[in-house]
Every structure is written in structure tokens, then in C-alpha cells.
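Structures given as C-alpha cells follow.
Shared chain: chain A. Partners: chain B in the first complex, chain C in the second.
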Partner chain A sequence: MDSASQSQVADPTNIAWEQRKRRLLPYAYLSPTLILLAALTVVPIATVFLYSLVDNVIVNPNPPVFVGLENYEEVLTHRKFRGALSNTMYFSLVSVAAHFVIGLSFALLLNSRLLGANVKAVFRVIYILPWVFTASIIAILWRLLMNPHGVINFVLLELGLVEELQEFLSDRRLALNAVTFINIWSGYPFYLVSFLAGLQGIPDDLYEAGRVDGGNAWQLFLNITLPQLKPIIISLALLDFIWTIHQFTLIWMTTGGGPMRSTEVLSTYTYKAAFSSHEYSIASTIAMVILVMCTFVAVFYVRSQRMVDE
Partner chain B sequence: MIGSRREILTRKFLLWIALLLGACFAGLPVLWMVASSFKSNLEIFAYPPALIDHSFSFAAYEAVLSDPGQLRFFFNSYLVAIMVTICTVITSILAGYSLSRYDFPFKKALSLVIIGVQSVPPITLMIPYFGLIVWLRIYNTYTALVLTYMVFTLSYAIIMMTGYFNTLPRDLDEAVMIDGGGSFVTLWRILVPISLPGIVAVGVYTFMLAWNEFLFALTLTRTNDMRTVPIGIHLLMGQHSFEWNQMLALSVLGSLPVLILFLLFQRYFIAGMSAGSIKG
Partner chain C sequence: MKKLVGLLIIALLLVPGVSMAQDVVLEFQQWWEPELPEGSFRAILDDFEAANPGIRVETISGPYLTTKDQIIASAATGTMADVVGLDGAWVNVLWKQGALHSLSQAMEDAMYDDSELAAQIQLAGETYMIPIANFIYPVFVNLDMLAAAGIDPPSTRAEFSAAAVALTDPDNNVYGWAQPLSLEQPNGIQNDTMSWVWASGGSMLDDMGQPNLVDNELLASTMAYIKSLHDAGVVAPGAFAMKENEKVEEFVNERVAMIINTLAHFTLIRERNPDLNFDITALPAAEGYDGPRGLPYASWGIGISSNTEHKAEAWKLIDYLTSVEGNTKLTSIANAFPGNVNATPDFIQTDPLFITAFEIFQEGFLANEFTGLPAAEELMRQFDEPFQFYLEGEMELEEFLEIAQEEWEDIFS
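And then the complex of A and B:
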């Protein structure tokens, strides 16, 4: 285009070009994101779906055979799958409920007017501490504490709460509760910080008005604090539920799904099906089931989020 | 409605009890881990247990820090986490700018996809990744880890960046546009410098996610010279005898980078944590 000598605005081809450029610009800025997400989420999800419909995928001398939904039938009716599903649900629901209670309690404590700013700052750091550690370190830490000869057993024994040393992580009656407890410890700070931010956003006038109406602390909490935090509670709980449904590392590093599959969750079950048994079709099918569960929850989560103004 | 002096004192007392109980719940396990890393392996499960005992020494730390194999885990973790952070920050600035400043067809659908990626379970992606990464000939490389980590760091990063740009007035960029600056100039010269707090928040949070990743590092690397710290700890656990004090020393050293970032950039860190649930 020899527009150098002409006025740029007067050149019609230039205007058209500028307009097109302007229209494509937002996509250009998004293109690295879109390429990455297409290559590393859309294509893989399509692949794993395809695998779930086929037998003999990946390392298998026999040619792949299309079997439709047979894998799903096999997985969904399998005793091991049902066990893993019920463990996952127990683990997730108890974790989410406990995270909520602990996170909110700590946030209310830290939000108290009776504490100075420095005290709050110190305790806030301590309370958030568990969030800083990665799952494999949390696993080590609790294997140390929950060891039959570890300090928790010592304390319980001294207090007379147990009569013999407990194998928290290798006793099939205790293991699921033990890993759930560890997950509760490691996850509540996420709620704590969100609630702290949320509590600071509640206008004081609301509480003033509530007090004028003669409400006591408990009534103020029920009628003002909880309703005001409701949007945060909903999105936190949904996001946390999604995360705990596919929690892998913590369980893999503490119990590995054992003993006797008593802590087997869907993610460890998938991992074993893929990398121990090399049943990639079955593993893909379970992976799809987890994806569907998470997507189902995510639909509600996305609805509660508004990144782009309407 | 101010209660009597005595009532306030009682409430303060109860509050402090609750605060200290909470601090024990959160902090004592960590304290015990740090203290145990200074014990000898024999004394870790001594009866009765003591926080600090006669075997106190830095031997476990010396063992970890003098082992080239374990130092390599740290090198790998730093390299991968820093690369992921840089790539995520740049990509999310570009994407956030687009979502914050432009209106275009499919904008809403695309932003929903970006939010939705947060909920894709890594375990679902793991099986196809294995094949894909081998096919791309990047199995057992840093590239494989950086690219796959970005899948789950980008979503938060873009939500945070878009939210941050949305708080900046549009008059700013329009002034530059009128002066003849292109959109990229506007972004680079105006928005990026004043968004530094938001960018730091994204960076710190991304670094933490990348430093802590486990599943992809486990499945997409094969040789020990490519392993990261979380996998290194896993490997130590699998060995013949449990070198508890070394594992704990490695864990403490492995937590330090994130802990230091957390203490230095607490405010930004918290912004990252609550980004998914509050503002969006």
C-alpha cells in the first residue's frame, strides 16, 4: 500500500484494513491462550472420550475395537468403582463441610474488634500456614504425626483416649477418616482468606441497624453475616468440591488408596487402572466419569461467577 | 451498647483461648515437622517424644544439600516454576487486556471456557497427555512440564488480570490512542506499569501452583535428573529404609521458597487465593 504520500484517513482500502485489524485484534491477544487451551484441554478431552469408547488402546498388540458404551457399563457396575465413588463422596462432602466451619470460625475470630492489628496479622499468618505446603509435604508431615509411634498416638495414650497404639493410615477402619482429616487441615485456609475479605465487605450500618432492633450476636450472625457471605460461600463450596473430587496427591502419598481399597478414590483408581494395570480404556472411562461429575458442579460454579459484565 | 468492663475482659479471655487453640491446630504440626528434621533418624519416634532432643543437628540438611541428585530437584523446580510464571504472566496480560477492553463475538463463551478450565480434573488429562507429549517428542523435558502446568495456572491468572484491568479507567488508554499510540503500545506503556500489583499477585500465585505440582511431574518425566522437589520427596519415601530426617529436611527446604514468597507478598498471595471465589 503506497499510502505514505496520501492522507491515511482518505484511503478506503486502508480504512477497511484498519477495521478488519481492529475486529481481529482481541482474538490476536487471546490467541496464545486459545491455542494452548485447544491443544492441551479440548483435544485431550476429545481423546480421552474416544479412548473410553474403544477397547485395546495404547500399549496393546491387538487393534482397537469400537465398543460404544460397554466400558461405561463395565465401570459403573463394578464393585471397585462403587467403592471408590462412595469413598470420594464421603471424602469430599466431609472435607467441604469441615473447611466451611473451620474457615468461617477462624475468619470470625480474626475479624474480632477486640484484637489489635498486629495480633491479627500474626495469627493470620499462622492460620494460613497449611496452605503454603504442597500435598506431598503435607503427606510426609502427617505420616510422621500419625505414625503408630508418632506424637499423636503418644498424646492420645497419655490422655487415656486410646488403649493401644493406632495405625491411623493403615487400619482400614480409620484410614478414610484419617486422610479426610489431613485434607481438612490442608484446605481450610482457602475459605479463611475469602471469608476475611468477605467479612470486611459487610457494611457496619447493617450491624448497627441489627443491634438497634435488639438482635443478639447469634441473631446478627444468622441474619446479617451468613446472608451477606452467601455468594462467597456458594462459589467456595463448589470450587472446593470440584478440587476434592479429583484430589490425588494427598491420598496417593499417604495411603495409596489402601489398605484394602478403604481409601481408594476415583483419581487413585484411575491412576492404577492406567499405570499399574495398563487398562487404558477403563482408566479413560473412569476419567470421563470424574470429568462429568466435575463439569456438573462447574456449571453451577460458572453461573455464580461473572468475569465479564453483562 | 458497650458491655461492662468485666464482660469485655471475659470475652477477650475466651477469644484468646479460641485463638490459641486454632493456632495449635494450624501451627503445631508444622512446628513438629521442622523440629523433627533436626533429630537423628533414630530419635524421630523416640518415646517419650520431645520437640528438641540431644540429637539436635543439621546433619539431615547437610546430607540433602551435599547430594547433587537432590540439589538437581531444586534446580528443576526453580527452572520450571520460573518459566511457568513468566509464560503465564505474559499470556494472561494479553488475554486479560482483550477480555477487559474489547467487545467481540463469542467473548462470553470464551470467558466461560476459560473459567471452566479450572474444573477440569488433572487426572482426566493425564492419560491423553502421556500420548500427546510422547507424540510431540517432549516427553521427559522441561517444555512438557511448562506447557501442561500452564493449563491450570492460566485460568486463575486470566481471571485475576481481567479483574485488575477492569478496575482501571478506560480514559487512560483512550488518551494514548488519541495521541496515535497503537493498542499494544497502550497496553505495554500504560496498563502494564500501573497494573504491577496485579501482575505480582498473578506471578506469586502461579509460582506457588507450579512449585507444588505433583501429578504431571510424576507422569511426564522419567529420569531422576528431570524430577522436581515434590517427586523427589516421593522417591525418597519409596526407598528401602525411611530416612525420615532427610525427607523432612527436604520438605522444609522445599517449602521455603513458597513460604518466603508468602511472607513477603502476603497481600498479593491472598488476592490470588480468593480470586476464584470473590471478585471473578
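And then the complex of A and C:
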């Protein structure tokens, strides 16, 4: 080694630089992801959070005034917010429960050995159809079907099941159940597909062992099928709950939150605050509340995923 | 020689560039172009460019709702197009942001005589929007159904009620009237509800332009009248979720005999049901009222961005579109009533229904008190919600109006 090389190697500045470079290198590798995360997630969330702490933004030419948690107090104590929250919970929980029951039932039917391959293929296509349509198409379709002069009323009247026209989407007593029904119809195929994949992954040996032990069909379902599907059930239910809380198009295009606020959910309430009242700070506050709710659910989701991994 | 030719070529190449550089390019954002016959709007702008060398107009066109969202968003970021198509419902929010240039100022700078303008939308005493094409909302009546019932088109509320009752036949799914009250599109409050008040010379605002829903005798009696129609079962079912297009469909399919509707739907109705025998009439007035009837209307308005560097050129475009020549061309292709009092669209001379409409237009006055109000759509929605409770019998008239007044005062403040 010549003297020049020795001095270069021994130079403390170079050593420090090399060490710093080594420390920074992992961050450089991570930087594309971090930049994307910051641009697409952190900055928008931080902006919305800041908006929620001021009096009004975007449409106010004056500089916004910091109001602390006043917007949160206003939103959380407002009767319309509480009504929207209650409707959201009903809409989401009933949807998730029904998705689970219908999705699992159809998956069990399609997984049956009693049906031929061709019959199964046909029914798979039929059952999955609702998932193919976009929310706006589903809304238009069901508005027509549920119209007072629509097909459903015609059938109900012809069968003598009702005595007068039913205003499914414009009657306060029926509207929330009607939009929940539409959401159930449009969402169950996701469960069906996931459960079908899960059912096909359960080893036959388990069922054979169960039968040898004298288990009947119900016991096999309770003690083998459900426990085997448990990771899928938890993941689906949590994800579906988050997605359903966000459901906007379907409700907006069928009822707009009416009649008489009976189908007002948090997403339609937020939309009205932002794009109809132009109260972007209030809309941001509601958005933050929804974010906190979804974060709680997301934490459960991550934990359940960890348990699966372990 | 070669050098000379080269220089000549360079000079020739630069000429268009220099010419382009001198041109002022106006961005004009609106939702009108897609709603007009293809190429017809561009032709009007070409005429403007030919009459105003050095100004080019680039259109930014899209559907109504997209245009609304883009204009409000661009106003917030200070990037609004130089000239914008406006709906009266958005003017207030844009004005609050300081996004609109005062057209009063533009007219003063150009020494413009505004006596030919049919209307100007003013805020704080200054004009910010000029309606250049107006679509009025008369009552459309199915003449065959009326003839079968032996009834003439109604002129008063009592006649309208009697006609609606006579025309209603629930066993055959036929009803006298349709009132869309969807909360998604709450414009039924403007067109199909408050229009009854304006038709009888009433108002929903006080002299200071503030909400006046409580202790407003005419307004209260109008709401009670509408409830009486619902209670009598003459209103098509599904009103609380019905939208404007569905109301028109009910009329086209002859399930509803009378609707309050925009003239803009003439062509649509004729296309959907060529055999439909219908006419139009002015909105019925309260008994004893013989003054001019307020006509609900929607407008294509126009305004200038406060950020534009070409205010004078932008005004020239507005001047052209509101001139007798430009306004006649535009309203002729749009089937609209003119924003210039001296403009005469072609259809007024050729189509008997439009002749009737023009007579209604001339005998009455344009009335849309929601134009220019803050968050106009939200005002309609806040009125719609308790109104539905009232129509359902779950709220008293006074309570409904007090709640609506309170909600409106919140928005106004």
C-alpha cells in the first residue's frame, strides 16, 4: 500500500463520510416509498387535520383563524351528525352480517359435491354478477326496480303480498332498509369468492376424521369449517366494515340521504358539508372523525393479520 | 443570395409566431357547449374572433356538475379561467372568495350601456353575473288527459286542485301532479315549490334580502296548499326520492298530467313521446291575485375571473354574447329566452309552443330568489328536510317554517 492510499484510508473525514453514507443508504433505498407515502397519505391527512382546526378554508379569502377543537365540539354535538352516525352503524353492521351469511351460504352451496362442474360454473357467474356492476349502475338499476311503478311493486301487488304501492326509497320507514338491502346485494359476491377459495383449501382429511368421530354435518361445519375460515372471516368483516362506512355513491344516487334524513350516513353528510354548504373545515372535521373510527378497525385488522402470520 | 433566402424563410417562419404572440387567448369555461348541437357554439365564438382580431377564445367544456366543481376548485387556487359560465347558485360562493371581477366596473371601463340587459345578478350593489340565456319553468299540461276530463288548463290554485283531483286515477297509476323532492337534487324546492309563491307575487326574503319564512302569510298558505294536494293523493308517489328527470319521465309516459318544467325539455319530451299532446300555461296564482306572475327560471350566466390579465378582452366577449346579434344566435340554438331584451331567437317565430311560452314570459317576470344566495343548493336542502316532515304530517306548519328559517339564518350568517 503506497503512502497516498494509506493517508486516504486513514483520513478521519473519509471514515466519517463512509459511516454516514452507510447509515443513510437504507433510507435512500426507502426514499421512493417514503416520498410516495408522504405525498399520497401523510400530506393529505395532515392538511385535512389542519383544516379541521381552523374556522373555514378554501372558499374564505381571509386567512383562516385557529379555533382549536371547536369544530369537533360542533360536529360531535350536532343532532344531524349523531343521526348520520347511527344510520352509518346500522347500515354497516347489517351489511357486514348479511354479507357474511349470504356469502358463506352461497359458497357452501357452490362447494357442494352434489352439484356438477357445469352447474357450479353457471351459478358462479350468476352469483358474482352484482359485483361486476359499478355503484352508479347498481343505484340506477335499483331505483328503477324499487320505483312505485317498478317491477318489485308489480310483483308484490300481483302476488297479493301488499295492498298498496310501496315507496321503498321515499318512505322514511323503508328507505334505510332498502338502501342496506341494495348494498348487501352488491357486496356479497366478494365474500362468496373469498369463502369459496377458503373452503377449497380445507383438507378433506379433517372432515373424514370428523365423520369417523361421529360428527354430523352441523357439527362438522361448527368445528371444522368455521374455525378453518376464521382468519378469512375476520379479515373480510373488518375490511368490509371499513368499505361500508365509506359507501357514498350508492346512497347518494338512490336517496341523497333522504327522505327526512332517514338514510343520511357520514359520507353523505360530509359531502353536503363540503360541496353544498362549502364548509370545508366542518367537512374536514367529520372526515377526521371517520378516520379515527376506521383506524380503530384497522388496528384490529392488523392484529388479526399478525395472529394469522404467527 | 442564399443568405437572403435563408433570412426570408426565417422571417416567414416567425410571422405566425409573432402573430400568435400578439393574440390574447381567453380561456372560457362553461357547460353549454356539450348541451348545444355539435360545432354550433364554436361557430358563435368564431364569429366573435372574426369581429375582434387579436382575441382567441379557447373553450373548456364539460358537464354541468364537473364544470361547477372545477370552477369552485380553480377559484380557490386562483387559477380560474378568464371567462366562466355561471349558475346563479354558485355566484355567492365565488364572490365571497373574491374570484369574480365586478362587471359593473367592466361596463364602466368600456362605457357600456346596460339598458338592453334583461337582468344582472348583483351582490353588494355590483354586478357579478349576467344571465345570457334563460330557461323558464311554466306548467306543462297533457291536453288529451285534460280533454278527457273536460277540463281547461288551470289558471288559479283552486282550478289546479280541481284538475289534479279529476285527473288522478290511482288504479291506473295516473296522477294529477308530480313534485320531485329528492335531497340529492333539491332543486324541486326552487322549481316546484317556491315557484308557487313567486307566481302569486310573494317572496321568501324580506326587504333586506334576509330569510323571511316565518310570519310570511303567502308562503305559509302556499305550503299548506301543496300539503293539501299531497293529502288529497293527487301527487305521484315517490315524491321524496324523485328527481327532475323522473318527473319528466312520468309526464312523458302519461302517468302524470301536469308538471312544472323547463322549456329546455321541449325537444326531449317530443323525442321521447312524439304522440304526446301537450301545452304550456303560466303557473297558477292564488285566488284574488291578478298581478304579474313570477316565473321560475334557470340561467346560463357569464362572469369574469378577478385573476384574469385580460379583463378588457374578456368584457368584449361578454359584450358580444349579450349583444343583439350574439345573443340571438346563442339563444336560438339553445332554445332559451334571451338575456338581451331586443334579441329575438328564431324559434319564437316558428314554434307555436314557444310563441305561447314567449307570451307567458312577456306577461310575467323572471323570479328565482335563490340566484345569488349563499349556498343556494344547501338552502333548498335545508328547506326540503322539514318540508318532508310537514308533508308526512309529522310536523306542524309553524314548526317546519321555524326550523327552515333557523337553518337559513345559519347559512346567511
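Going forward, the second predicted complex is superposed on the first by the 266 of 310 C-alpha atoms of A that agree within 3 Å, B and C clash if a C-alpha of one lies under 4 Å from a C-alpha of the other, contacts with A are read in each partner's own complex, and residues count from 1 in each chain.
Here is the rule we use: contacts are C-beta pairs under 8 Å (C-beta built on N, C-alpha and C of every residue); 3 or more make two chains touch, one makes a residue touch a chain.
None of these values were measured; they are calculated from a predicted model.
With the two structures laid over each other on chain A, which partner does A:His149 touch: chain B (first), chain C (second), both, or neither?
After superposition on chain A, A:His149 lies in contact with both partners, chain B and chain C.
Which partner, chain B or chain C, is in contact with more residues of chain A?
After superposing on chain A, more of chain A is contacted by B.
Does the superposition put A:Arg172 against chain B (first), chain C (second), both, or neither?
Second partner only.
Identify the partner contact of A:Phe275: answer first if only chain B is touched, second if only chain C is, both if each is, neither if none is.
Touch status of A:Phe275: both partners.
According to the stated criteria, A:Val193 is in contact with first (chain B), second (chain C), both, or neither; which is it?
The answer is first: A:Val193 touches chain B but not chain C.
Could you say whether A:His78 touches chain B, chain C, both of them, or neither, answering first, second, both or neither?
A:His78 contacts neither chain B nor chain C.
Using the touch definition from the top, say if A:Pro259 reaches chain B (first), chain C (second), both or neither.
Touch partner of A:Pro259: chain C, not chain B.
Which partner chains sit in contact with A:Leu30 here, chain B, chain C, both or neither? Use first/second/both/neither.
first
Quick one: is A:Val297 in contact with chain B, with chain C, with both, or with neither? Answer first, second, both or neither.
After superposing on A, A:Val297 lies in contact with chain B but is clear of chain C.
What part of chain A is shared between its chain B contacts and its chain C contacts?
Dual-contact residues (chain A): 58, 147, 149, 253, 275.
Could you please specify the touching residues of chain A with respect to chain C in the complex?
By the definition above, chain A touches chain C via 58-61, 143, 147-149, 165, 167, 169-172, 175, 252-261, 272, 275-278.
Going by the contact rule set out above, which residues of chain C touch chain A in the complex?
69, 72, 75-76, 93, 96-98, 173, 181-186, 236-242, 255, 375, 377-378, 381, 384-385, 388-389, 392, 394, 411
Can you check the complex and tell me which residues of chain B touch chain A?
For this pair, the touching residues of chain B are 1, 8, 11-12, 15, 18-19, 22-23, 25-27, 29-30, 32-33, 36, 44-45, 47-49, 90-92, 94-95, 97-99, 101-102, 104, 107-108, 110-129, 131-132, 147-148, 150-151, 154, 158-159, 162-163, 166, 183, 208, 211-212, 214-215, 219, 229-231, 233-234, 237, 244, 247-248, 251, 254-255, 258-259, 262-263, 266, 270, 273-274, 276-278, 280.
Please give the residue numbers of chain A that touch chain B in the complex, ascending.
Listed in rising order, the residues are 23, 25-27, 29-30, 32-34, 36-37, 40-41, 43-45, 47-48, 51, 58, 105-106, 109, 112, 114-115, 123, 125-137, 140-142, 144-145, 147, 149-151, 154, 185, 189-190, 193-194, 196-198, 211, 232, 235-236, 239, 242, 245-246, 248-249, 253, 266-267, 270-271, 274-275, 280, 283-284, 287-288, 290-291, 294-295, 297-298, 301-302, 305-309.
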